[in-house]
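Going by the order they are written in, the chains are A, B, C and D; count residues from 1 in each one.
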Amino acid sequence: MCGIIGIMGKADVAFDVYRGLLALQHRGQDSAGIACFDKVRINLKKGVGLVSEVFTDSNLSLLKGKTAIGHVRYATAGSTPKLDSQPFVVDIPHAMAIAHNGNAINYQDWDEHFKDRTESCCDSEVLLHLFSEKLNGDRQLTVDKIFDAVKAFMAEVNGSYGIVCLVENLGLLAFRDPHANRPLAMGRRGADVAFASESVAFDAMGFDMVRDLKGGEAIFVESDGTIHEKSLLPKPAKHCMFEWVYFARPDSTLDGKSVYEVRIALGKELGKAIQKDSAGKMQGQNGLSMPDVVIPVPDTSRPAALGLAEQTGISLQEGLIKNRYIGRTFIMPTQEGRERAMNVKLNTVTSVVKGKDVLLVDDSIVRGTTAKKIVGVVKKEAKSVHLASTCPPIQYPCFYGIDFPIQSELVAYTEKNLDGIRKKLGADGLTYQSLDGLKRAIGLPGLCTACLDGHYPTPIPDAMRKKLELSRSAERKKVETHYA
Amino acid sequence: MCGIIGIMGKADVAFDVYRGLLALQHRGQDSAGIACFDKVRINLKKGVGLVSEVFTDSNLSLLKGKTAIGHVRYATAGSTPKLDSQPFVVDIPHAMAIAHNGNAINYQDWDEHFKDRTESCCDSEVLLHLFSEKLNGDRQLTVDKIFDAVKAFMAEVNGSYGIVCLVENLGLLAFRDPHANRPLAMGRRGADVAFASESVAFDAMGFDMVRDLKGGEAIFVESDGTIHEKSLLPKPAKHCMFEWVYFARPDSTLDGKSVYEVRIALGKELGKAIQKDSAGKMQGQNGLSMPDVVIPVPDTSRPAALGLAEQTGISLQEGLIKNRYIGRTFIMPTQEGRERAMNVKLNTVTSVVKGKDVLLVDDSIVRGTTAKKIVGVVKKEAKSVHLASTCPPIQYPCFYGIDFPIQSELVAYTEKNLDGIRKKLGADGLTYQSLDGLKRAIGLPGLCTACLDGHYPTPIPDAMRKKLELSRSAERKKVETHYA
Amino acid sequence: MCGIIGIMGKADVAFDVYRGLLALQHRGQDSAGIACFDKVRINLKKGVGLVSEVFTDSNLSLLKGKTAIGHVRYATAGSTPKLDSQPFVVDIPHAMAIAHNGNAINYQDWDEHFKDRTESCCDSEVLLHLFSEKLNGDRQLTVDKIFDAVKAFMAEVNGSYGIVCLVENLGLLAFRDPHANRPLAMGRRGADVAFASESVAFDAMGFDMVRDLKGGEAIFVESDGTIHEKSLLPKPAKHCMFEWVYFARPDSTLDGKSVYEVRIALGKELGKAIQKDSAGKMQGQNGLSMPDVVIPVPDTSRPAALGLAEQTGISLQEGLIKNRYIGRTFIMPTQEGRERAMNVKLNTVTSVVKGKDVLLVDDSIVRGTTAKKIVGVVKKEAKSVHLASTCPPIQYPCFYGIDFPIQSELVAYTEKNLDGIRKKLGADGLTYQSLDGLKRAIGLPGLCTACLDGHYPTPIPDAMRKKLELSRSAERKKVETHYA
Amino acid sequence: MCGIIGIMGKADVAFDVYRGLLALQHRGQDSAGIACFDKVRINLKKGVGLVSEVFTDSNLSLLKGKTAIGHVRYATAGSTPKLDSQPFVVDIPHAMAIAHNGNAINYQDWDEHFKDRTESCCDSEVLLHLFSEKLNGDRQLTVDKIFDAVKAFMAEVNGSYGIVCLVENLGLLAFRDPHANRPLAMGRRGADVAFASESVAFDAMGFDMVRDLKGGEAIFVESDGTIHEKSLLPKPAKHCMFEWVYFARPDSTLDGKSVYEVRIALGKELGKAIQKDSAGKMQGQNGLSMPDVVIPVPDTSRPAALGLAEQTGISLQEGLIKNRYIGRTFIMPTQEGRERAMNVKLNTVTSVVKGKDVLLVDDSIVRGTTAKKIVGVVKKEAKSVHLASTCPPIQYPCFYGIDFPIQSELVAYTEKNLDGIRKKLGADGLTYQSLDGLKRAIGLPGLCTACLDGHYPTPIPDAMRKKLELSRSAERKKVETHYA
């Protein structure tokens, strides 16, 4: 869960990267960084915080260079934001900088080997040194040698990645994992070439989207602008479905599918399950009344709620208002304060909710902690609260970059059945998207739905699985911060 | 355009005020402050920035006291945020602290008189000293003396105000201007009493709304909890209509009217004006096609767009996506950068907008600068853009606290007719709410609509008007920041 | 160990106080503060750090007022700099601000009584409330009532104090403890009146010294400039001898005695003890050779070294160089680093020290920790190191404001005899000033030498003594920071 | 006027460099930086401020690497501290970092050539690229190739330099300009090797001084510890005399001469000129009385004052006290404040100065501005003030690194004779060191005394001279900050 950008332009491009990172800020708010290649030197600025906090007029002016890469980072459990912020840089034997979105499952294979030369605990830095090693031999690089190194890299790394990389004064490299699990696209603005995790970055930087990279493909843009494209290790597509469900911005298009339209469709698919039974009650919900009103949990689920309202004919209302001025962290020192924190973040519109049968639409339910709080806020005033999730039950951890908790913390895994989950969340009714509904809504054949069905696109050895789960601390941030 | 809170509780209340200020943050983001009365001393902390920036766990812990007031400030043109941040304090002859929302038109009458004892350029500080002077005489205060002073104050001050005031160790005072132009309400939580500009503050602090103060009314809560309520100088209600249109939060209820429901109604009223003519085109819009889609300008106009869509039957879509991570200021140093800034702030969903006849709903149009930029962003992809404003044409400056520009900067004043405004904004069509529609939507008899019709609730001498207009610098912030 | 200043002027005086505090910075580097009376309000700015860190052009400009007091604080063990920084303020029933130098031994008598209204753990704040209470009765103050309150205060408080106090809009009050233990003097600049702990503050502010306050005397300067002086509770003088030995600046004159001249005299007195015996060796130093060179430990002991060199005829050399750029704290993270820290702070001039018999002059020896380190630095190169202290052996704790450790940490108490101390410090020879020599050098009849002879000027009940000793944590700062 | 350090050790050395920079802080307080070579990467941290401000426990921990260089910078007029802070880094074709003390007179020869690859306005960065270019050719470096490049560099660069340079993973390079104008020495600590501008850095880092580098010599320490020493372009020594007079620390030894002993000797030489004439007055001083007292201007001239006092038999007194807590800048906003600033910085000991004939010893007189202020402070109390400078008249600008003003600002140049200078300074008498006295005191044959006699060690073309003078802004810092 990170965002990356790379640009080769005709003039200094740090400000373009900055604009692009602002547009990708939703993919990571923990740290941000830009590395530029300036003729004889890589200039680097990275730090902890939002893009707008890390970069100033003054430090952006110092980031000279016509080639640059940028990164926004979502710190996963156990990481140290300061050390782990990207891009990472190496000077010997080749001056390079890398920005990586994804997760290398087997990075600990090389951890020991590269121990001396890494400064972080981050798999991305290990990948940089692995790639650097694949390049080595003699010191004069060529495009063919670079592609050979990428191919060797792809053959060894088990996991997901979108990567942009500055290679000396030679050019800008971009490549995507064989299964195309993490997103990566190419754009153009006149003679300038860019790569980005999501198409919104192109909109913000004034570039036009050209196309998505294919799984196992690499593109190298030489300093003179020559573009080399090569399919190195293609495998069946396994695009992460969660990008459309929750993670990407609605105004992005990923692998040809508009995120907004997918979410509308998710709402419609979900709406098909909201049926009246013969008694005029909701089908299969223990006599719960049909909803008076559809309310999205702001902001992600708004398009889905539109689709659902259209599909069911139930009135859509903005019955939950989010405080726009509260950042991810704000102090609530007393116990009582922490309990009331959700009221400060999210508040109901009394006239909409009071005494109503409410259908609450959320994008997904992970641990259930936040969902429970939201249901609680609404239930204070509503007659009943039915929760609908645009994502099917999440029952398996993700090893490809989405920071889902360990299995024992996933409410859809720990609770034995739908009614158990419903009770846990304190809701009067609960409807999940079906796996088929999800696939129809996205409309692409090659999807990774491992967190839903346990079918991982690459081998996950048991030992590795245990090790990885252990390394995830109990304190999860996703659930806490989703509605911050 | 500020927010105020006052609480008298049974224990330290600074954290409650802090929570309330977070909920009122939309009323002012330039400075924040809290003053507490702690037995023998007024403790004050105020500063420039957001509530979450000014207050820390550490400084809130130092703010001891069972009585406290708080303030968030929207800095108007020409003000110096550091000096003008509230609350203001006086120690001699009575230790008091004040927080004020509104505008005293004739504050310059006393400016000279109090020159020596003010530290800011703020009318609110002048009001504190005026009130302090009214109290004077002998040093032993009583509730009656306090009410007499408030009455004398009301008789002299021409303007609008909601005021909360700590009065020595005696208690907490709240009062509202005779016309009830600025909002102020009372809430309770067990034995604790609170006052706030909007009801959302009560939700955030765990208080229940009791009632709005009436115009010209004062309430004094003694230290022992005894509540004194007195109507001192009531005049016909002239509630500011712009609170419902734009300023207040949708989950607030002001003077008995839910802001959310008023906005839904504003959309419906506006929808009545969107009619098909005999040729199947939009009535009175020079042959413009009927819209394919209704798109709200996020976030204020979303409920209105819902109402309009329902009224007209046109499909509502979230075709404009706002970047949630961009604060009011972010750097865009180059000229080209500044021109692209709107693209970074607001982006279209291509699948929704491309080739469509779009009906864009915005809450209001002031200078027109921002509206023009938004229309421009949508027009890059849409077939046509029709702009609908939930507020009638704003043609007169406000002297009661809304930071509307001088008349010569109001696009509805400078352009001679609707078509002139439309051209100025670059739109293909333009529809304004009617004054009657606005009044029906709000549904209250006593409204101030001076910025629409020029009928000011209190006398505005010509000389004063000129002087006030002069004092407003050309650089306006409202327009610039509305969609930030 | 603090510094205080008070000024009543004809114009704003905050900048004068600021200059005076810069000159008194050696009396306390932990926090600084200024309170001004501005017609109807006390303006306060205080914070942790040096005077130049706490005050800026911008915040000084906000400190309006013709009467002001200031404070620099030396945080004693266990204190919390942020809370305990001065001045302290009270608003009810009289707006006042106080700055205090000294120590109230029995402040815990009222601790419980004032618990609700204090915000710090500082005896000074308790004194403010005690004085405030003495003033109370009716609300109209007069000079007589103020003097009566001071007298009642003096009768109750066991301890030492120099105090300056803003009293409403009435004027500026200054008073000194009955034994005149802590210093306080009055100065003038035209019609402006000032009070300060040391005369250097007058030099820095452009004032002329008028006279020292007498023990038990109070001076009140009315707003119109009228000066009232009154002896309220005089007792025999017991001036703290450590002001001349170490604490005050050499360019100050205290109670009529130039600090510089006293230190020269201390060196001469000490020199009388450095005698050659019949064998040409140092008398009473076990055959140690007479010194080749006299070296002061910079900076305090420099004048004493001059006096000693003149008295003995031994050559004075600046053989120890202090790093001017190291503040009190600088990081030395590794164990090895901490051990080398003294080398970074103080370094020898090899050509002066190498192979020489060195006489090192230091102002005083408290715990002996720092002295031991300095002796060690010099011994690396010198043939022998003889240490001479301008202060007699410190064997008893101080209860009047000097942060001497508890008795069990005083090297002159724990070691049974001179030779024991010498060994502990790692020196080859050791000479202490005699008590008579000290008294001759200062040349004033009334001195407090309690830390040397255990004769305290006021009663120290055993229970109180134990309690106070307990409250002093093991980690002492004086010794550590003396040569920082 | 900068300080440099380089270390190759067996473990991480950043903390050693940090300690060394603390000891060299007097050579530059404007910026500080450390670059480390960590196997595959150069880690860099630099910033504006003191060493203790730029470095923290946290950022020092990140500076991994067994080879490192460090720099403290004295910003000359017109420089931008942030951009110009050192070390500078280059990645392509060889990863290197450089720290430079000195001045390249002809750096503008290559300015245009390297324009694209420099990020600062600093000659030091140009030198890095010049050296990098000399190295180029094939990519595999050897010690011989490195020495060849240094020799070619020395042949081209007109100016002064001590330089330390990290060269890839190969090792640490140090070299000194042909005339040995700027200081540079080598030290050892077991197997660890270090280079530093002054020997005090070795003391602080726990190294032993080995020897000074010779003019035109280079030393390269390979990663395995092998040391290569080579004389590349030796020329007659022209050591800068101002290092001993003012710039270096007294506890340093430069080119075999103890700075302290030189200053004692300077005082003695100066003392020879203070003679009684037949009338018992000072010889050649228009009837001025012989001084009662010798007072050093703290801190630099203290040893010289000792020497002078010994030579003349006049009593030495510490009659001027410097405020230890005032940094280089402290606010003094009002005009009156600025005039009094010197009183806050330096104060007289009245008992020493009052009514006396004072001989003030200062290290040097440049513009005379500060000297005039100090004379003024003393004259308020003294009977007469005679100023003695341990440095002969400074009449020519320096082009080798000392930030002397342009000629028209040098008081010894603009005033026609000694009496003119004396009057300008407001002194009653004035004595300068003679050039011969200076040479005798330092006792080395090869000295640069260009600022005294105009004989520059390298060619200074007229055009260049004019250009350089122009680039120096009127606002000089040396004079202002000398006594801060």
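Throughout what follows, a contact is a pair of C-beta atoms (placed from the backbone, for glycine too) under 8 Å apart; a residue touches a chain by one contact, two chains touch by 3 or more.
Fair warning: this is a prediction, and the values are worked out from it, not measured in the lab.
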**OP:** Using the touch definition up top, find the fewest steps from subunit A to subunit C.
**Re:** 2
Original post:
If you average the Cα atoms per chain, which one ends up farthest from subunit B?
Top reply: D
Original post:
Between subunit B and subunit D, what's the gap in Å when you average each chain's C-alpha atoms?
Top reply: 60
**OP:** Please compute the C-alpha centroid of subunit C, do the same for subunit D, then give the distance between them in whole Å.
**Re:** 36
**OP:** Find the geometric centre of each of subunit B and subunit C from their Cα atoms only, then give the gap between the two centres in Å, rounded to an integer.
**Re:** 55
Original post:
subunit C: which residues touch two or more other chains?
Top reply: none
**OP:** Using the contact definition from the top, classify how the chains connect: line, ring, star, complete or other.
**Re:** ring
**OP:** Sort out for me which residues of subunit A touch subunit D in the complex.
**Re:** 38-43, 58, 62, 64, 82-83, 89-92, 95, 116-117, 119, 129, 132, 139-140, 168-169
**OP:** Under the touch definition given earlier, write down the residues of subunit C that touch subunit D in their complex.
**Re:** 15, 19, 22-23, 25-26, 29, 50-52, 55-57, 60-61, 200, 203-204, 206, 249-251, 253, 258, 260-261, 299, 302-303, 306, 310, 315-318, 321, 323-327, 330-334, 337, 340, 343-344, 347-352
